[in-house]
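Two complexes come next, and they have one chain in common, chain A, joined by chain B in the first and chain C in the second.
Entry: the complex of A and B
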């Protein structure tokens, strides 16, 4: 029994690690490499979850002709039952919602950042933050999307047809880690290409890079589209893992997690992001274990308050004492540099 | 009815936006923790009036003093060291978000320990004008009156006194102000006091106007920030105009849309978002200039009127 608990804890930690990792990787692409301060990460993250929450129940409702109200608990249990019997459909629906959230996230990222890209960077930061919070208020009051304030349940895990819960969680963790690693490889390729050097030039001196003929506004828009698509993927993974989409989950704290990880790991350093997200997961899970096993839930308030306090203190401390991040930026890996290196080694 | 609530809500947005713009122009901080100054003041008012049965008028100075204490403490502990380290605007903005979250969670814990997560001040507004649908209470009138008085007082303070002169010097160029012998860190403390007065007043009024939760300040801050964007971030008259514009958009225009097109009131937040978007589009010159010439003249008029 303890063995199963430990394995399930590890699987959960790995899943959360990949979610944090994808989210902060996209922020690192935006802020670390391009210098675009995105304070609306929560919004793009929640987009993926909202896609899952609107798409999946409606598909079930239409395909299996469910009579119950889409928001009701009966409909949610029915969806779970159907998903248990139809493995292929469950998995295909998961892939479809992943693809939809990529497209939708890229589209929204481009559209919403478009008006502020020509302006100073603080306009972008403030307007994205306002968009993130106000849209959450909208989703909360609008009943037709994900049932308003109550949220929507019964979003089946893609491996729900496996009877053993431990195997199920492990499979999901493996899948999310592989998605995270795929996106890591993609971002690494991107930032070590000539395109990545354009990004860094925009960050360091936008005027100069415009003078050299780069279309900086378009590049910034593209970066925001790519990064928003990635964050939407993270949100989609989160929704399928939790099995429940609830608008008040997506408060500004997700933005703060992403910034905390990027600053912990060091700006423009993707390997640092791995360490940062691992650290965050360890703190988060550790706090949960301490409170649940030692204190036996005896504190009279929610754990998430304590977690928020610890993480905001950590963020303030990093900003005060190590503003450039714990691990600094590394030089670019260009082909020319590699050739020079091999030449020098052969000379010796 | 909708007009009355638009003016009241617009006044509150204008007050908060005013405080934000003053901070931004002089100290150059996007202060997201400002929401928590409002929340603290609101909680102080609500608790004092409902638990300790203090007179409402007496609650106001206590609320203002509490938000002043919070703002100065935050500045001394977090913002000033960051500034002295040479942090950039985005880093200080991030620090202010983290500070705001820290304060909000502390308020959450405090509130859930004392069982006051949702609280309302012991006060019932009395209608003064009551004509069919059109109701104006004494609270509405006092909110509008206080806002206008405060704006005029601040205008006089910043334009006629020596303090105002120093303030404007800091606004234009901090280095130059320091070189000409202004003690900018002492001035900064006075500015924090000045800036937290609107927050305290808004918080106290909010406790009388509606229920107080740990997120009520945050809910007021977002439209106020949108108002500063509409007004062009560092323009004081622009922000006040933007606050009233958003108040009207969220209440009066939404009421009209709801009445004539039957669109649900849930779309209220989207109105302030779209007003902000239009302002951003105009500012970035995405909308053709000929078509928007009149608006642009209006906006440049607002921008040129710096204090």
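Entry: the complex of A and C
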């Protein structure tokens, strides 16, 4: 029993690591490499979850002619039952949700880039923060999408048809970490190409970059689209893992986690994001165990604040003692490096 | 008689609604080092910005090799072979020297080969040997003079037809300033036309072919550099409104 609990804890940690990692990777692309301070990560993250919450229940309602109200617990239970009996359909619907999240995330990122990118960095940050909060309030009060304030359940895990819950969790964790690694490889390839240098040039001095012939507005729009698509993927993975989409889940904390990870790991260094995400999961999961096992009745304040306090202290410590993060930025591994090295060594 | 590369006709420009440049007409000859001098606030830098559509152009025309480029966005001007090195913030401090050169060279709009980059790099090393040993270093670790060299080298890597240098010696010691100006002669030897904007009249005059004097946003004097070299008081008089 203890063995199953430990494996389950590891699987859950790996899944959360993957979700944090994909979300932070997208922020690193935006802020670390391009200098776009996106404080609306929660919004783009929530898009993936809303896609799952809007699409999946409706497909089930139509395909299986479910008569119950889409928001009801009965309908959610029916969806789960059907998903258990239809493994292929369950998995295909998950893949469709993931693909839709990518497209919708990229679309929203690109659309929002038009008004947003005309703003200076600090105003851009505030605007995106506000967009995230307004969207949450809108989804909360609009019942037609994910049942408003109540949220919507019955979003079946793609491996729900497997009877052993530990195997199910392990499979989901493996899939999540695979998607995270694919995202990592894609972003690494992107930033280590000449395109990555353009991103850094925009971050350092946008006007100078334009004077070198770079279409900076278009590039920034593309970056927001790519990063938003990745954030939506993370949100979609989260929704299928939790099995429930609830608007008040998408508060500013997701944005803060992403910032904490990127600052902890190191700006413009994706390896740092791996370490940052792992550290956050270890602290987060570890604290849950410590709090629930030992500290529950022994500390004189509400324990739910403890995580927040520790994360805040950690952030202050990073900014004070290691402002460049665990892994500081390094030059890109682009072409011509070998040639340049050969040229300099032979002549010296 | 050498070919005219750039013509500016009756240019009125400024910022917002405020007009800084009044009726500027000039032409740059291919292969020359043309010099614009003038006191502070004479509109020299505004002129460089106007050439790149970074200032408001009220009227007038800018013609580069028979193409009207007046309203062309800056990124397109680069593709036409015009390159501006601004007075300040002209390098990417967090990128290495090599990255600074590469970011200018590789373009999504114009395909350039890796071989040509290496060839250009060899040229740059002959003009700026200091760069060679620090090619993989972040630019923020370099001295002011070396940064300026990187900014100019970055322009050369794309082999511009017209290189506009906005006060490249403004923050340098006289020794370094002289060294930079000598490099500009080397650049001219490569066949690049240079528009040099300077406050340091005496030093800049020594390398120039043709001189324009700006005062209060107007072109008040122009002529062959040789004339001013023998009669430098003409420029001094122009600075103090005695033209």
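Rule of thumb we're sticking to: the second predicted complex is superposed on the first by the 324 of 348 C-alpha atoms of A that agree within 3 Å, B and C clash if a C-alpha of one lies under 4 Å from a C-alpha of the other, contacts with A are read in each partner's own complex, and residues count from 1 in each chain.
Just so it is clear, contacts are C-beta pairs under 8 Å (C-beta built on N, C-alpha and C of every residue); 3 or more make two chains touch, one makes a residue touch a chain.
Being a predicted model, the structure only gives us computed values, none of them experimental.
Of the two partner chains placed by superposition, A:223 touches none, neither chain B nor chain C.
In the superposed pair of complexes, A:301 makes contact with chain B only, with no contact to chain C.
In the superposed model, A:323 makes contact with chain B only, not with chain C.
Comparing chain C and chain B on the residues of chain A they touch gives the larger count to B. By the touch criterion defined above, A:205 lies against chain C but remains apart from chain B after alignment on the C-alpha atoms of chain A.
Judged by the touch definition given at the top, the superposed model places A:118 against chain B, while chain C stays out of reach.
In the superposed pair of complexes, A:175 makes contact with neither chain B nor chain C. Comparing the two interfaces of chain A, the one with chain B and the one with chain C have no residue in common. Residues 37, 39, 114-119, 121-123, 125-127, 129-131, 133-135, 137-138, 141-143, 148, 252-253, 255-256, 259, 300-302, 305-306, 308-309, 312-313, 315-316, 319-320, 323 of chain A touch chain B in their complex. By the touch criterion given at the top, residues 194-195, 197-198, 200-201, 203-205, 207-215, 329, 331-332, 334-337, 339-341, 343-344, 347-348 of chain A touch chain C in their complex. Note for the complex: chain B touches chain A at residues 30, 32, 78, 81-82, 85, 87, 89-91, 93-95, 97-99, 101-102, 104-106, 108-109, 112-113, 218-219, 222-223, 225-226, 228-229, 233, 264-270, 272-273, 276-277, 280-281, 283-286.
Those residues of chain C whose C-beta lies close enough to touch chain A in the complex are 52, 54, 73-76, 78-79, 83-84, 86, 89-96, 98-99, 102-104, 106-110, 114, 117-118, 121-122, 125, 132-133, 135-136, 138, 154.
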